[in-house]
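As written, the chains take the letters A, B, C, D and E, and residue 1 is the first residue of each chain.
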Amino acid sequence: NSPIIAAASSVKFALQEIAEAFYHDTGNRIRISYSSSGNLTRQIQQGAPFELLLSANAGYTEQLYQQNKTLGQSITYALGRLVLITEKNTSLTLDKQLSAIKILTETGNLKRFAIANPLHAPYGVAAQEVLQQLGLWESIKPHLVVGENVAQAAQFASSGAAQVGLVSYSIALAPALQNRTRTLLIPASLHRPLQQTMVLLHNAGETSKLFFIYLQQHKARAILARYGYSVPEE
Amino acid sequence: MDWQALGLSVKLSLVTLFFLLPIGIFFGRWLAYRQFLGKSILQTLLALPLVLPPTVLGYYLLVIFSPNQGLGLWLNKTFGTTFVFNFEGLVIASIIFNLPFAIQPMQRAFSSIPRDIREAAACCGMSPAHVLWKIELPLAWPGIISAMVMCFAHTLGEFGIVLIVGGNIPAETQTIAISIYDRMQAFDNQSASIMSLSLLLFSMLTISFTYWLSERSQKKHV
Amino acid sequence: MSDKPNPDLAIHISLQQQRPIPLDVQLDCQPSELLALVGPSGSGKTTILRAIAGLYQPENGRIICQNEVWQNSVQQFFLPAHRRHVGLVFQNYALFPHMTVLNNIQQALSEIPKQHRHSHALDLLKKVHLEGLDHRYPKTLSGGQQQRVAVARALARNPKVLLLDEPFSAVDQVTRRKLYRELLALRKKLAMPMIIVTHDLEESTLLADRIALLHKGQILQIGTPKSVSAHPVTATVARLMDQQNIFTAQVLDHDLTAKKTRIHWLDRILEASFQPQFKINEKVCWTIQSANVLLHRRDRPSNGDKENPLHGKVIEYMESSGLVNMLVQIDKELNTTIAISVPLHVSKRNGLGLNEIIGISLLSEGIHLMPYQALRR
Amino acid sequence: MSDKPNPDLAIHISLQQQRPIPLDVQLDCQPSELLALVGPSGSGKTTILRAIAGLYQPENGRIICQNEVWQNSVQQFFLPAHRRHVGLVFQNYALFPHMTVLNNIQQALSEIPKQHRHSHALDLLKKVHLEGLDHRYPKTLSGGQQQRVAVARALARNPKVLLLDEPFSAVDQVTRRKLYRELLALRKKLAMPMIIVTHDLEESTLLADRIALLHKGQILQIGTPKSVSAHPVTATVARLMDQQNIFTAQVLDHDLTAKKTRIHWLDRILEASFQPQFKINEKVCWTIQSANVLLHRRDRPSNGDKENPLHGKVIEYMESSGLVNMLVQIDKELNTTIAISVPLHVSKRNGLGLNEIIGISLLSEGIHLMPYQALRR
Amino acid sequence: MDWQALGLSVKLSLVTLFFLLPIGIFFGRWLAYRQFLGKSILQTLLALPLVLPPTVLGYYLLVIFSPNQGLGLWLNKTFGTTFVFNFEGLVIASIIFNLPFAIQPMQRAFSSIPRDIREAAACCGMSPAHVLWKIELPLAWPGIISAMVMCFAHTLGEFGIVLIVGGNIPAETQTIAISIYDRMQAFDNQSASIMSLSLLLFSMLTISFTYWLSERSQKKHV
């Protein structure tokens, strides 16, 4: 009976492949329950049988640690990156300073700008920071459409319902999106690091512990990097 | 308490009911009184909006109404408006996901009216519209009311579709359900609970008043 | 129809169909005429009324009322019920449960000005003797009260034809008598055809100008109540008209001078009214209404006693509201009996009772011949 | 009840209530007795049957059937309907719409072995003359056919009391007569009380051992049909029994030798049967059944003609199935009329018709006195 | 196609129906035939599960049934099992959020049975249970069927509550709705669409067959 680990939906792309590799290398299967990091945290607090939590936000793992639900401290296994995303055939030029978007707001041509919910989604928080850094927050705020999570924000932007959006790099790399969108990586300096943390929960078994370690090893890090994460120094 | 969101939700519910009432009556009545080939298929189609997860249904609506292509493009050209990220879009989405709750109970309500009573009405010289208004609607009323109550509650509570089609824009598409959900996700349990409770209380008052009114009007003759 | 508009206020009905309910009917009813549809349960009376009202569409039908075509199946034309102007009392009333009695009636008053509806409806309620029940809901009414509301509602429409499906079946005899009077008064006032379905032969005789006897969807005989009951065209008609004295016999001869026809019945010879259409030696059925059977009074024999005298034993004796109905056994072997009814006082004076042997006479004028058919009792 | 078990198979009913439906009734009905509840529409007949069946719970009630308490409101006891063993025919049939005719009947046969139910149900269908309709659904039956299914279903239960609410109102006269016969046969066979509600006075006279006349929830008179119609205790009873000849008069004297009571009516003196319970000079009501009014025959005057002779003009003349019903105007100013009925042949022989002046005699034995009350017509 | 998830969803739907049928019949009938104080309040309570966003309702259920405290603790001690993060939990959640869809239509169905027919049944000597079985259920059947169809569809499609209470555990609590949702979130649109389509087709077949059966059994006598 393979252990269940909980993972934020946003790491699904990479994690799927890592789990395959893990199975290939160790012969152990894991089952993964995806949800928002917040949901998962709550479920863990209410006794969910998860053995490992991969959160998109350092706050949740910390919270669980404080509440003595974990085996030890959390570890940052990757850092998320933001990209500016737009539908393929828009004429919008994408640049790191978002000047084209600035012009749109000034000319009143910006209709909808998609981000994840800055209230609770880590990529939403980061997106807000980026916009604030660039001094665009106030002018874009009225045009925001806010996704439940970063995937939803990407859906907004990729379907053309919103002109442009700030989403995670890992999502932008999804094959279905790559064909339909153009993206531009946002400098990591424009927001606080998007720490993807993980923590072993107190009922973690051997397999989970193995996987916890596996995630910190080279093979997993390579996969993570391929899926648009910066990987912290070993 | 997010009064704005509550207001929006109530407005959305009422506008939805405003459209659903005639739609439900029309189709409910039609399904109740007509026999035709493929009736069970049609009835089935009506239940289907329930089968898909709301978010998924919402995504398909988003794609369909998105102004870049197909229907959305045409709508945009024709009416100069899109049906995503605005109140109109929410209304359309609400209507679609409430169809089963509106039509099914009304169909049952209409089909439980004895045939000879409708016949007697025709023999009194009432036109079909008149019969509908004076005989069928009053007799189907309990069923219609409970259909409307379900739609009302369901619209207040639905957030999956609304979130996707509406884009969670404060004062425009951020309903109370989304607002509660957001607080909850942000671990603002207290706000979420207060808002949930207020919403429950408000619905409770509205709905039980509705039921009480409808019971009272029934009591005399049932 | 002719080119000239012809002020034909009658209703003409012609319906044919094999399945599921067999129908083969041709009827018309003049304005102010009251036509009674009678016939055994299940013979199609309600179906015919429904077809006239437009609630049932028989395969082939032509209905024309006051020169207006209501149905013409050749032309695929069928006027819907609400445009037909009929007043219909349903066999099971079909009142609107959510409306007061008054409101029920007012629904059918849409064609008179609003301000008059209330008083008009109250008038109608009075006509059916339901004053004071105007604000009741149907579920709080007794069966007979509901039925009368249905009658008032049908009248309210001021229809082109009034269709009443056993409108008084649930009403007591005293009230019913009052309602008859109202109906007859109405009929004089309003020039519309009225068709009433009833099981009560007395009702049809009292009310109807003509009765149409229906059997298995076919009309067996149409005529005045008197003629149908006194001169049924077949033994079946006689039986359906609740005639108890039906027998078979053979025509003996026709007496042209005395205007009598003589028939051979059992081992007797009876004088009947002159009915030369039956051939000599022809086998026939014959019938006599029990009122045409005379009792030989022991206290005062009379001349009439000589007409077709018979003797027999009383084998059934029933008193009912001042009358005595008896079965007199004429022939024990064949168990042939004749029904007779006499006033109670007569019976008493003559000391009648069960098992008495009495003499009776069959009035020859009352003996009516019909084509032969095997009788089943 | 006594200590010894007492084989009382009768049903005893006592119901009292003010609102919403006034009731004040005491009744009992012996096994094999057929009691008819008659009374005007809305008088509470259906309500009483429902109370007996346990479908309606009057405020105060005591119902005991075959020594089993069904209701005792003093002890707050109320046996639910399904444990009461009643057979009830509903005024509106209440057939189970989703079951065939046969199935409808079988529902009430739960107490006989499974393998016999089918044939038993078919038997019952035959009894109500509905052979061949066993696989039909109620909606495809005519009104009268439905009613007969309801009767069969009520009989099927093999109940402790049979309650029939106008069970034959929708059935034609010929079939009805057959059903009467079945009911009477059944009654001899099964020792259970039977209560029948009917509007048809003839029906109640034919079928019932006793009739109970109900008015506004109260029983005005109970007795044999003959006694209630011949000797109504009040003028109200007489009116409700459809008696048309009701008048007021004053007692003149009692002739003890001739055993006659003489009364003063209009400006005439009438001889009535001896009824010394009324005081001399007392104002009274009196009634006479129309069968006790004799026509003076022009063809053969008789002795009886001398009894209370009167003359008047025929102001209404109606023929109906061999009988003639006439209204004879005795006093033009007061518009006093007497109803009389004679056989058609008698009417013909005497050349009767509208506006003829005729002589009639009131049989003194038929003149029945009742306490005075103001008459409303 | 995620057959495992589909299987789980169907199983969940069927088990839910299995429990909801008697519950719906009992309460529906009770509400239909009884008059009591606070009836409108009770009816209102039944609609309330709809008012809250499913995820939020899910949280509250999670808290209530969580084995750490209160009811959940008691249940855990008594039955030795928890009602969260497993199939049993899903069933309970499903039952709760389907209550309005089960009870309301059944109430209407029962109350449209004419009273005299039930009375006639009692006079035929049928016990209340017998009347329920032989008379009321067959006559209320169309309403019951459509209630069941709605519940079936709704259970297939609901994911908010299921996600929270169940925990999205593959092969255990990951229903087809969640599975579709996950694919959608991962921009695996093709899988999501194929799965949606299959789910729709499957539901369509099941439901229209159900309707067809129920129509057919009605046709004879309505």
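Everything that follows uses one rule, which is that contacts are C-beta pairs under 8 Å (C-beta built on N, C-alpha and C of every residue); 3 or more make two chains touch, one makes a residue touch a chain.
These figures come from a predicted structure and were not determined experimentally.
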Shared chain contacts [chain C and chain E, defined touch]: B, D
Least step count from chain B to chain C, where 1 means the two chains touch: 1
Length of the shortest touching-chain route, chain A through to chain E: 1
Maximum centroid distance from chain C, chain identifier (CA atoms): A
Where chain A and chain D are represented by their mean Cα positions, the distance between them in whole Å: 90
Intercentroid distance (Cα basis), chain D paired with chain C, Å: 23
Euclidean distance of C-alpha centroids - chain D vs chain E, Å: 56
Centre-of-Cα separation between chain D and chain B, whole angstrom: 58
Residue numbers of chain D (touch at least two other chains): 92
Chain E residues counted as touching two or more neighbouring chains: 55, 59, 184
Shared interface positions of chain A, touching two or more other chains: 39, 42, 152, 155
In contact (per the touch rule at the top): chain pairs: A-B, A-E, B-C, B-E, C-D, D-E
Residue numbers on chain D that touch chain C, as the complex places them: 20, 38-46, 91-92, 140-145, 147-148, 165-166, 169-177, 199-202, 205-206, 225-226, 229-230, 239-240, 242, 289-292, 294, 300, 302, 318-323, 343-345, 363, 365-366
Chain B to chain C touching residues, read off their complex: 114, 116-117, 119-128, 130-131, 134-135, 138-139, 220-222
Chain A residues touching chain E - in the complex, by the definition given at the top: 4, 6, 9, 12-13, 31-35, 39, 42-43, 46-50, 149, 151-152, 154-155, 158, 171, 174-177
Residues of chain B that touch chain A when the two form their complex: 55, 59, 62-63, 65-69, 82, 84-85, 163-164, 167-169, 181-183, 185-187
Chain D - residues contacting chain E, complex: 53-55, 80-88, 90, 92, 94-99, 107-108, 110-111, 137-139, 153-154, 156-157
